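Pasting the structures in now, so scroll down.
Same chain, two partners: chain A is paired with chain B first, then with chain C.
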Partner chain A sequence: MSKVPNMPKSWREETKPHKFCPGCGHGLILKALGEAIDELGIQDRVVFGCDIGCSLLSWDFFNVDAVQTHHGRTTPVMTGIKRARPDRICIAYMGDGGGYAIGSGHLVNAAARNEKLTVILANNCNYGMTGGQMAPTSLPHMKTETTPYGRDPEVTGYPTQGPEMVAAITRESAYVARGTVANVRQLKNYIKKALQNQIDGTGFSFVEALSGCPTNWSTNAKDTWAFIEKGMTEYFKVGEIKDPAKKEA
Partner chain B sequence: MTEKPIQGEKRVFMTGNEVVAWAALAADVDIMYGYPITPQNEVMHYWTRLSPKYGRGFLQTEDEISAGFTTCGGVLSGKRAFTATAGPGNMLMQESMTMAEMMRIPTVLVVQQRGGPSTATVIYSQQEVTMTCFGGNGEGLRIVYSTSTHQELFDYTIKSFNTAWKYRFPTFVLGDGYQAKMRESLYIYDPAAKGIVMEKTVPYLGQEGTPGVDREPQHLRNTYNTEEELNEQVNNLVAEYEKIAPEVIEYQTFNTDDADIVIIAHGVVTRAAQAAVKELRKQGVKAGHFRPVTLRPIAAKELKAVAGKAKKIIIAESAQGQLEKLVKDAIYGIATPLENYFRPGQGITSEELVDLVKKGM
Partner chain C sequence: MTTSAYKMKEVDTKKALFTIFTGICKGCGLCMEKCPAKTLVWSKTLGVYGTPAVEPKDAEGCTGCGMCATVCPDCAILIERKK
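Moving on, here comes the complex of A and B:
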């Protein structure tokens, strides 16, 4: 008899092991999300939408109803569902390309409209599925397939600060945070609070998760971890940016 | 319970956009998603004035990409949902409509054609035929009704929701700026008063029960891993589409039985064609008219039969051959000479068609 490792109750055992690359951060983010769903007891109410890009591999990840959409279009699909069925807990899951480039208009406007929606975005500084091109989040001087000599900020700008942007255009009812796969417990708490914000009908909620992409970064385990913990956090500050439960300073 | 928006039937004098809003209300539509573009705007204007009285929803999105995808979301959640657009907005909605094709999402999109290409005019054309029938990266697995009167705008808007939900293919009502902005008399009615039963809607996502415990989860995708897997999926979609096509196809004929000259036209141009045939018959000319109501799927067999008997076919449209492509495809193999009357972005009158026929005699 094979022993099944411990996994969140809301995970779908039949689709495990998952299809992400070894060392990919998606599995950890989805673990944090799975545990958050379990702890909040909302598995029967969640509708999960995933983008195109590596995030699409999560389409059959959970024992929750799920829909795979188009690249960048997860936010509007989930907005459409939430507007028609406010009793559902709608989660839009995407990467940095989907959220900050092709789908940025949707993210900005969903946030501005204060959609009662939870967006979870994996930031791994590149387009993973298409083979490691520059993303809005690629760090200055970072080598990618479309910046083979390093990202020149003079030419291609500086990394998009997603949560800071979302925080700037939302009112105090929004929950906005940046977590990291380097601290899954904290990430889970952020995701839980984000979902609670939706459950309470308070407002938009957004969690960016710093994540690793050893396949396209061409890094070993040690360097992958170092890049997530040190390289990325130089630009992307981990922490809560907006929390309606706390009084604003 | 809130009162029905329309009790029984009543005679009204309205613009086409207002008609669409009333039809959607009468069809028990739950929510509209929309983005401003002329000449469709008043669909939203009337919907936002009327719908709150009947507990229906509306969301103004950031663009037509979003309007299309939120409509997909609304439908996935089990609601009767629609959007309306025109021209460049129709282009942006093609992306979401391909998702609807692949995933059999019964969306309804009302298109009020404006001039093209590009921004062109906000007024009128029939230049969105190819895009509405075949837009997107795929096979055009959709149903397109081309309306010609306000009565039809009302009838077919209601019908489009039933067609969409019965067959689960994205369904389009293809109007135009003339129909959108013109005022005309028609009867609006409660579908039930006419014995029309609205198809039941079912949630694709978010049904009752805990997935994995009480029921299987719904996992919907539009991505396939191999050529074979995709080929099989598309073959299945096409087979299903071809199976339902004979039930869906609609067309009208006017004096085609003994016609030497057959005018083929759709949408609002059918009115000119019908009037021209009447006039030509008065003058002793054996003219007839074939009007496809569904442009996709089109009544190919019927069209071929009519075209095959005629001595000459005239295709009249406010576009540069978009209807012609559909017709040629349908009547392939027929030797009947073909003449075109293309007026992209411009209206066509019955006088023009009468003159054209007589000049060619």
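Moving on, here comes the complex of A and C:
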């Protein structure tokens, strides 16, 4: 038997190498998600929804039922599937442009209604697929395609703190966390707890993952890690923000 | 189930058998930066996009810690530790 790579069981091997750029953080987030699905043993019940943006490159990433929707609309589409089939484990996967700008209303209202689904959002500080324009999450003074002199917070505001916003509008039964691709094991644990919150029917769950976009950042490997671990992590605090399990303990 | 037929290269080091699946490696270099032993170098063997893959520079440095495999977004590295 020929030797096989150590991919999560839920990954669809014949679609690998996957479609993301070299060094893209999406691959690491989906590795954490794949391991979480494997460890929870839920592959046959998962429905995976991906957004427009680079997240859509994952439409055939897993060996699960999948749907790709319009920009920012993944959350309501997955809400519909969950309401029609409550026995399914519904995962909405999107970028920061989809979740915090174009689809922010959908995220806010699904969270406020405490929909029993899991939203995973890749925060890479820009609009990746369209060429690196400023996103709500671009850091102050960060150079992007549309802010060549750096993002001026006086003109375009300060970066959106997504998990903090979701935590503020959800009930105590919601799970909310921010992980990072610089710590895949921790990110996997956050995603597992988010999925468990849905499996138990407890409430909404949301995990933002700090992610790399070396193509649009124009960074080599060293600078990619540095941007994630220093620049982004200084502004976006990694950790669990809301955990119903902790309340009960 | 498909059986994988990815191109690969094995490097036998003292502490672990290091396998790089060159048919998946995109040459991003994220693993090199995270290797605590700083033992990974660009390989003469090319990866899937025609850019250099990675491999341990000799049989000594690699500790078999598996960090490179953990941080690879493409699962292109397999570490088999020796007892």
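Convention: the second predicted complex is superposed on the first by the 244 of 249 C-alpha atoms of A that agree within 3 Å, B and C clash if a C-alpha of one lies under 4 Å from a C-alpha of the other, contacts with A are read in each partner's own complex, and residues count from 1 in each chain.
Please note the rule applied: a contact is a pair of C-beta atoms (placed from the backbone, for glycine too) under 8 Å apart; a residue touches a chain by one contact, two chains touch by 3 or more.
Predicted model only: the values in this text are computed from it and were never measured.
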Between chain B (first) and chain C (second), which, if any, makes contact with A:Pro5: first, second, both or neither?
second
Would you sort A:Ala36 into first (chain B), second (chain C), both or neither based on which partner it touches?
neither
Could you tell me if A:Ile241 is touching chain B, chain C, both of them or neither one (first, second, both, neither)?
neither
According to the stated criteria, A:Ala135 is in contact with first (chain B), second (chain C), both, or neither; which is it?
neither
Just checking: does A:Gly105 make contact with chain B only, chain C only, both, or neither of them? Give me first, second, both or neither.
first
Taking the superposition on A as described, I'd like to know which of chain B and chain C A:Cys24 touches: first, second, both or neither.
second
Going through chain A, the residues touched by chain B and also by chain C turn out to be none
Any idea which chain A residues touch chain C in the complex?
1-8, 11, 13-14, 16-18, 20-28, 31, 181, 184-185, 214, 220-222, 224-225
Parts of chain C lying in touch with chain A, wherever the complex brings them together:
2-6, 8, 19, 21, 23-24, 26-30, 32-34, 48-49, 51, 69-71, 73-76, 78
Residue positions on chain A within touch of chain B in the complex are 10, 12, 43-45, 47, 52, 56, 59-60, 62-70, 73, 76-85, 88, 105-106, 108-109
Please name which positions on chain B make contact with chain A in the complex.
30-31, 33, 57, 59, 61-63, 65-66, 68-79, 81, 95-96, 99, 103, 203-214, 217-223
